[in-house]
Amino acid sequence: MQQFQGGPMLNNRPRHILRSDQFDREFLDYLYSLVNLIRRYDKSKEGLLYLQSLLPHVRGMLYFTQPSTRTFMSFHSACSILGVKTSEIRDSATSSEKKGESIEDSLRTFSSYVDLIVMRSPEAGLCERIATLLDSTPRPVPIINAGSGPDEHPTQALLDIYTLRRSFKGNQIDGKKICMVGDLKRGRTVRSLSRLLANYHDVSITFVSPEQFRIEQDLRDCLTNKAVPFTETTDFEGAIQDADAIYMTRIQDEWDEHSESSSVDHSDFCLHYDHLDSIKEDCVIMHPLPRRDEIDPKIDADPRAKYWRQERNGMWVRVALIAILMGVDHQVMLPEL
Amino acid sequence: MQQFQGGPMLNNRPRHILRSDQFDREFLDYLYSLVNLIRRYDKSKEGLLYLQSLLPHVRGMLYFTQPSTRTFMSFHSACSILGVKTSEIRDSATSSEKKGESIEDSLRTFSSYVDLIVMRSPEAGLCERIATLLDSTPRPVPIINAGSGPDEHPTQALLDIYTLRRSFKGNQIDGKKICMVGDLKRGRTVRSLSRLLANYHDVSITFVSPEQFRIEQDLRDCLTNKAVPFTETTDFEGAIQDADAIYMTRIQDEWDEHSESSSVDHSDFCLHYDHLDSIKEDCVIMHPLPRRDEIDPKIDADPRAKYWRQERNGMWVRVALIAILMGVDHQVMLPEL
Amino acid sequence: MQQFQGGPMLNNRPRHILRSDQFDREFLDYLYSLVNLIRRYDKSKEGLLYLQSLLPHVRGMLYFTQPSTRTFMSFHSACSILGVKTSEIRDSATSSEKKGESIEDSLRTFSSYVDLIVMRSPEAGLCERIATLLDSTPRPVPIINAGSGPDEHPTQALLDIYTLRRSFKGNQIDGKKICMVGDLKRGRTVRSLSRLLANYHDVSITFVSPEQFRIEQDLRDCLTNKAVPFTETTDFEGAIQDADAIYMTRIQDEWDEHSESSSVDHSDFCLHYDHLDSIKEDCVIMHPLPRRDEIDPKIDADPRAKYWRQERNGMWVRVALIAILMGVDHQVMLPEL
């Protein structure tokens, strides 16, 4: 409660959640303290009913023209937790778009029924275009980017940072060594997460990947600009030994142009049960999921495996983001809990 | 409030919403005054919660075997506003129908779970058939026709009239000149709207279309019978000059039998930005949407463009219709607002 | 109310609903008295709001990778009645599974967002596998089997028994003659129902089917073991004459391997309007639906036809099951009703 009565207030309240680079350290700290407060309500029926009482009059639309059951369910639950009533699109196109309507008209139509739009689409930049359009109308509504093609997935990055923070002793990310593994060329989560980590002090990153799937030059430039030290290597076993966190990702073969994934041997970039002995005792193991064979399911039971909590954290982070956008974050008090 | 305390009451309460010709002027007046009252609740959280308290115990089914995202979302939101819990079918057929079940059995099944069915299907007359069937069972439920193939879409016509009414000075439709433009042969909204306009006095209609897409004889007969004056022309620029309202529609090429649409030049039946100077200062521009190129998006910002409000009006009209069918219209009072 | 204040309590509370053989007579009696209580709340808005107040803080997932609109709607309504907020999967696979995720990971993910999973899948045994998996995690959630391929559909069997019980004078199943008709080889409802009937005394079963669709040996063995007397015949008209209940089923041709259904004449295994004179005056006619031509729709209006009530009973039985799993069955009291 003190966080709000005398503590940090949010100075620059965002109107939309569009890109991971729109967040600064102040926002992250505020967001995560809000998440922690919100989670306390999850302990009782009364707490959950209180959260539902915050936005029961609000209607949200989940516009998912790029299917993603996981992200969809996470946002759907987040809306539900705050009492938001949702409408869903889970097809590659709406029926109106099939009749020749522009995406702009389509979303302006939906915006006339709802108070909030969460959108995921295969088109880079679409969310920002729609946010700009709606801001020019008499009835603008907030937009949350739930993944826009290959370029952005800001809420994933926010939940990753939250999971790191919560898993490290003292909730301290500053000074940590983060190891990111897998298809670093085409996975957008690694890109967004790396950029967000620049908000913390003395974080260093090791990128571990097959030669063919190294990070792209734009990410190198970005980290260099922000003075985040990083190295690149193909030596998985060497890299994970002194990592404070290992962030595993899968090969993104859905982006293959001529089945290049099949010609790459990624077996050396998988975490096996035997590796558990060689990593730090308090190392944090994460994965944005879905996984294939990058992490042996036997590892799930190890206390260092945090990817299942990471899933659930995602839901709570999204609750907090919606609360902020809709202006009820200050009501997330803990009067008697 | 006076409307209910001493004002008009609804004498012939409909059990279903099936056809646009089931409404008389008394019903229209009652419906629209109800819509106006309902909209006042939208101004505050308290108002919206009051509306939600009217039908929270009611379950509705949205049975959309002819996809229509726009109409679906509008009804879904309308249910949500009244607290109605909804189940959805948004496929071309239910799994039971694929197993050989008749549509009658399918809908009787669903009717056993819910208290209200909103249905849209490609089959003309289906809604009436189902309404008749359910009325013969021990547990009939109201049916709302949300579009039945090429023949009826009564709630669209009701929202169009509401938008006209609300946009004209003094909420007066009597005496107005309405210009309807586009594919008048195959667009059902024009047909339903024209018929409903017969409920008003001294309305005259100008139908503007390419030669190939003129209105059908049955509509001519209907208007003649009801003594509604109308003319038909291909002269778009001439017709719009003294119109009180211009109702634009798109070419309905999904009904093409041998791609006849492509052989028709409809470029002379589009509203361009330049036209704004030649139409009346208080002309009302409408479109049932989705649009293609019939209306230049630059026109959206002109105060005479009402099609986006028309969308949102549709939602409120549907709220009012559900309230009437479920018998809570009298509870839509404004105790302290 | 007495049922709970001094009456039967449930000793062995199930954590999941997986197989029809997990229920004993004590459970059935408890369940059905709970259903009867719950139905009394359906009579008023206050009663329905009370039921909704039991689990408004609970989120449930309906994971239907084998489509079944009927069962889906029934569970969806049951959740709604208790206030449970639902998320839906109604596709043959989730998008994550298409990206190579195991079904186990997929369901563990969803379980992190919700408190209850209702699942229907084409895979025999999947529900039990997932229940076992989740029980080994820090956050297990109850699973309800809503149909798992060809092997189990326990809630259908429970609702069938409830309908029999409620339709017989004195709610007495003991001593009754049940006639089951149709494709007995491949219909799982007949199998589950027959097994559950073994919980009652002196029930005898007549299986009526074309030669090619007789019951399987495992069901014969099961009934013999449990000392349930049964006969098998192809004489439909003879069998139905002294039946206390006739349970009709359709030919399950979706399981055909080489269109064997088309070579079987099932016209002698259909209930025609003329048959009504030759069956008992208080015979109970049931069908799990969907039907094709096994029952003439003209029979629907006969008071002995219970299949439409059977549908609605299914919803109430599912309400009761969810109440038991979530531990609110004791709150289903009738304080002032």
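To keep things simple, chains are lettered A, B and C as they appear, and every chain counts its residues starting from 1.
Just so we're on the same page, a contact is a pair of C-beta atoms (placed from the backbone, for glycine too) under 8 Å apart; a residue touches a chain by one contact, two chains touch by 3 or more.
Each chain and its UniProt protein: A, B, C = Aspartate carbamoyltransferase.
Here the structure is a predicted model, which is why all the values come from computation and not from measurement.
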Interface numbering overlap (same over half, different under half) for subunit B and subunit C: different
Copies subunit A and subunit B - rotation angle from C-alpha fit, nearest 5 degrees: 120
Length of the line joining the C-alpha centres of subunit B and subunit C, rounded to whole Å: 41
Residues of subunit A touching at least two other chains: none
Residue numbers on subunit C that touch subunit A, as the complex places them: 56-57, 59, 61, 85, 87, 89, 94-96, 99-102, 104-106, 108-110, 112-114, 137, 139
Subunit B residues touching subunit A - in the complex, by the definition given at the top: 45, 48-49, 52, 67-70, 73-74, 76-77, 80-81, 250, 254, 289-292, 297, 301, 308, 311-312, 315
